[in-house]
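Two complexes follow with subunit A in common, the first pairing it with subunit B and the second with subunit C.
Right, the complex of A and B next:
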């Protein structure tokens, strides 16, 4: 039996991916890396949703639709996020978030 | 026009006069009096029509209500703006509008040289409006608003010459002392609402007095005392009497109108209006009678030695108001209103006449600097003599009938102590009134040599109101107390005099509760004896005054004996000093409220500045410091916030997991 091709395996993979994404978001100082970490977290969630959809018959249709919507939102979020980062970069001449301290003042 | 328009017009006309004069009066100069006097004149005419209709039974037993609009429609709290006229209101309307009109006319002459001419008439009109509203109001709240308005007018008019420090202080004193009573009145009104759920005067009284089986949240006796507290303030009863003598700082027409004839009677009116409430609280009535007769005695004893002509009259007003409350307290409400009407006219006359005297001797109020004025100002002298005879209680003047009625009723009601004190006060009254006449008009002149040749009689516009007031002072008593023809049948009345007949429906409920039965009037029985005693004491007082202060009526001539006066007062030095210093009430108030109260206030101030402010400032400082410390957490770095979110999430998930697993 084992973990192969079971819901638990997918969920564990999704959890690991999410944890990596979280760690990346918290630890990386580069804004682009942080955005990528967010994408990783979103995709981890997406994986979990698709896994639910695949393994639980009741959720088959719902899982796919939600996954598609998450992708659309993730794309939109990436667009806006990148635009913001570029705007800040032009202003500050740095991609490092710990030098973005305008909120403090 | 029907009554629905006429009755509101009585109050609306003076209000119009006030608004007009307040807006454009300054530009009218010496013509500023025209509109106000016309407004009050018209108001008088309409009032007389209404009064006649009321007294001839045109409104029926219950009186006439004129509803204007819903004033406060707030759920269970419903107050209407409405007027109400019954025979009691009518009796008050006669005094208020008549004295008011005559005082307005008199003021044209008295105030003619004053730079605040227009302001004076504006205030007078505002006062007339307020007073009429007070008398006509149909709900406790209306009466209370009017109550405060007359207090405001009193304040404005006492302090009319506001550049004079004593006048400014006196107006403040009047206002503040009145507030003390008004707090009681306001509480009383609230208590009435709590008990009955209505502020309509008659409805609430009906509820308060009929459902004696149901226990009210607030006892009726307490309500009666609270209402009486309001009356004590406005009618200057002990211990709130201190403001009235000082109120004489105002112009004399004001003293006549507000502080003798109308406003100070508001308390008497209020208690008379609320008579069933008092009737169902006998303890409260004893308090009313006790305070009334005590005030009468106290004030009369002070009036004996005062040298300021207006102050003698002021204390005499106090004393007479005390009589009225004594009558109210023993259940002789008719006698109280009778005395109110008689005093309204007599006191109005005396004050206006004293104003004429003061005018004649160039603003001198000290009677020691008068004397021998009889021939120089004959109209003033004659009218003031009439007023004084009435005050002294010599028949057949109005003052005799009303005072005799009060004394007789107190005796017959079984309040012998009230009657005994009343008789003593009657002697004193006769004495100090003729002391006043003797010092002012008879004997040798003690006027300043510089002023002496300039003494002149007042202009006709001032003497005419005096004579017009002298007529009711002379005849009103006969008119109102005379039981037989031709007056009784004219108003469709028979029996115990006109006034008693008029007011009978107003008091029927109260008398029923009280269980009083109209005793048959017996001229050859107890009533005759009481009348004889009244006349005897009045005569004794007058004769004593003649003996000490002289007399000059026709062939009756006698010089005053200042030496004997001094010798007599030296024999009772304590009483003399007490009377001269008004029993030290001002000093007592100074001690209690200024010295001791000031200390308490100073301590409270210290407490406030150090303890309360210390706590408040301390909290502020702690907040500021802790805020400064916590501000460091806000680094502005996105990742720190993200870490916070992550940790929070982990904590939440972990605690949820713990809860599920356990």
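Right, the complex of A and C next:
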């Protein structure tokens, strides 16, 4: 079968993981759950990048390096995102995003 | 009684993860890499589904750690050991701990008891399934010009390229991390005495 040696298998795995993350981001009410779904989506993209770097001969090490950069940016995003959620929680006393309606009223 | 239920759940979960891998191992001529890929992929997808569907958000965070760990294993299978190590250090060591602490700081007693999903959960599920099908079809239909074997990347080669061709992005990322740390501390800081 050679699943571990086929680029398509990795890309489909990454695509399904990305779809799961999309569902979580759209459907969950808790802001931290949405952030976790974003992390899942970033991981899916990273898997696709690393798989491309491993199978396309022209890319050599570029895939892995881009994946490392994405990880660093994801860490920065998680830091700022969680800080914002904690700051909002301190004002509104709820982590649920559908109760953040101060600008709708 | 409760302990037996947990044990039963763990046994069912282990069977779900290992059965496809064993099938691939037996039917596919005994390739260990294929079996590992299927086992880790199944583990990752199952725990990712648990992350987006479970009621208790602490359990969601723990399932997310399992998903990250399985993904690190997949990085090893695809031939990028340094990325796998960075995945363990950055995601499991740093981001997961950060998220678990944020959960503890923002958990209210009414949180887990109430509804988990928004009202648009059903359309979101349909959209996610359509997205997965579209990606699968697009990937299958495209010829990427890939090699038949995956290349295993040596870490010293990666280090040479990282510190020769990619020095500028590397430094920019370090500045970005510094800015994110300062910004995170500033935003999350409690305002003791205004003015």
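By our rule, the second predicted complex is superposed on the first by the 99 of 105 C-alpha atoms of A that agree within 3 Å, B and C clash if a C-alpha of one lies under 4 Å from a C-alpha of the other, contacts with A are read in each partner's own complex, and residues count from 1 in each chain.
Quick note on the criterion: a contact is a pair of C-beta atoms (placed from the backbone, for glycine too) under 8 Å apart; a residue touches a chain by one contact, two chains touch by 3 or more.
Quick caveat: nothing in here was measured; it's all calculated off a predicted structure.
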| item | value |
| --- | --- |
| Fit or clash between subunit C and subunit B when superposed on subunit A | fit |
| First, second, both or neither for A:65, with subunit B first and subunit C second | second |
| First, second, both or neither for A:39, with subunit B first and subunit C second | second |
| Partner with the higher number of touched subunit A residues, subunit C or subunit B | C |
| Touched partner set for A:13, first subunit B, second subunit C, both or neither | second |
| Touched partner set for A:98, first subunit B, second subunit C, both or neither | both |
| Partner chain in contact with A:84 - subunit B first, subunit C second, else both or neither | second |
| Contacts of A:26 with subunit B and subunit C, given as first, second, both or neither | both |
| Which superposed partner A:57 touches (first subunit B, second subunit C, both, neither) | second |
| Minimal inter-chain CA distance - subunit C and subunit B, angstrom | 7 |
| Contacts on subunit A seen with subunit B and repeated with subunit C across the two complexes | 22, 26, 29, 98 |
| Complex contacts: residues of subunit A adjacent to subunit B | 22, 25-26, 29, 34, 97-98, 100-105 |
| In the complex, subunit B residues that touch subunit A | 634-639, 642-643, 646 |
| Interface residues, subunit A side, partner subunit C - complex | 1-5, 7-13, 15-24, 26-33, 35-37, 39-40, 43, 46-47, 50-57, 60-65, 67-69, 71-80, 82-87, 89-90, 93-96, 98 |
| Residues of subunit C touching subunit A in the complex | 24, 27-29, 31, 33-34, 36-38, 41, 44-45, 48-49, 51-52, 57, 60-61, 64, 67-68, 71, 74-75, 77-80, 82-83, 86-87, 90-91, 94-95, 98-99, 102-103, 105-108, 111, 114-118, 120-121, 123-125, 127-129, 131-132, 135-136, 139-140, 144-153, 157-158, 161-162, 166, 169, 173, 176-177, 179-181, 183-185, 187-188, 190 |
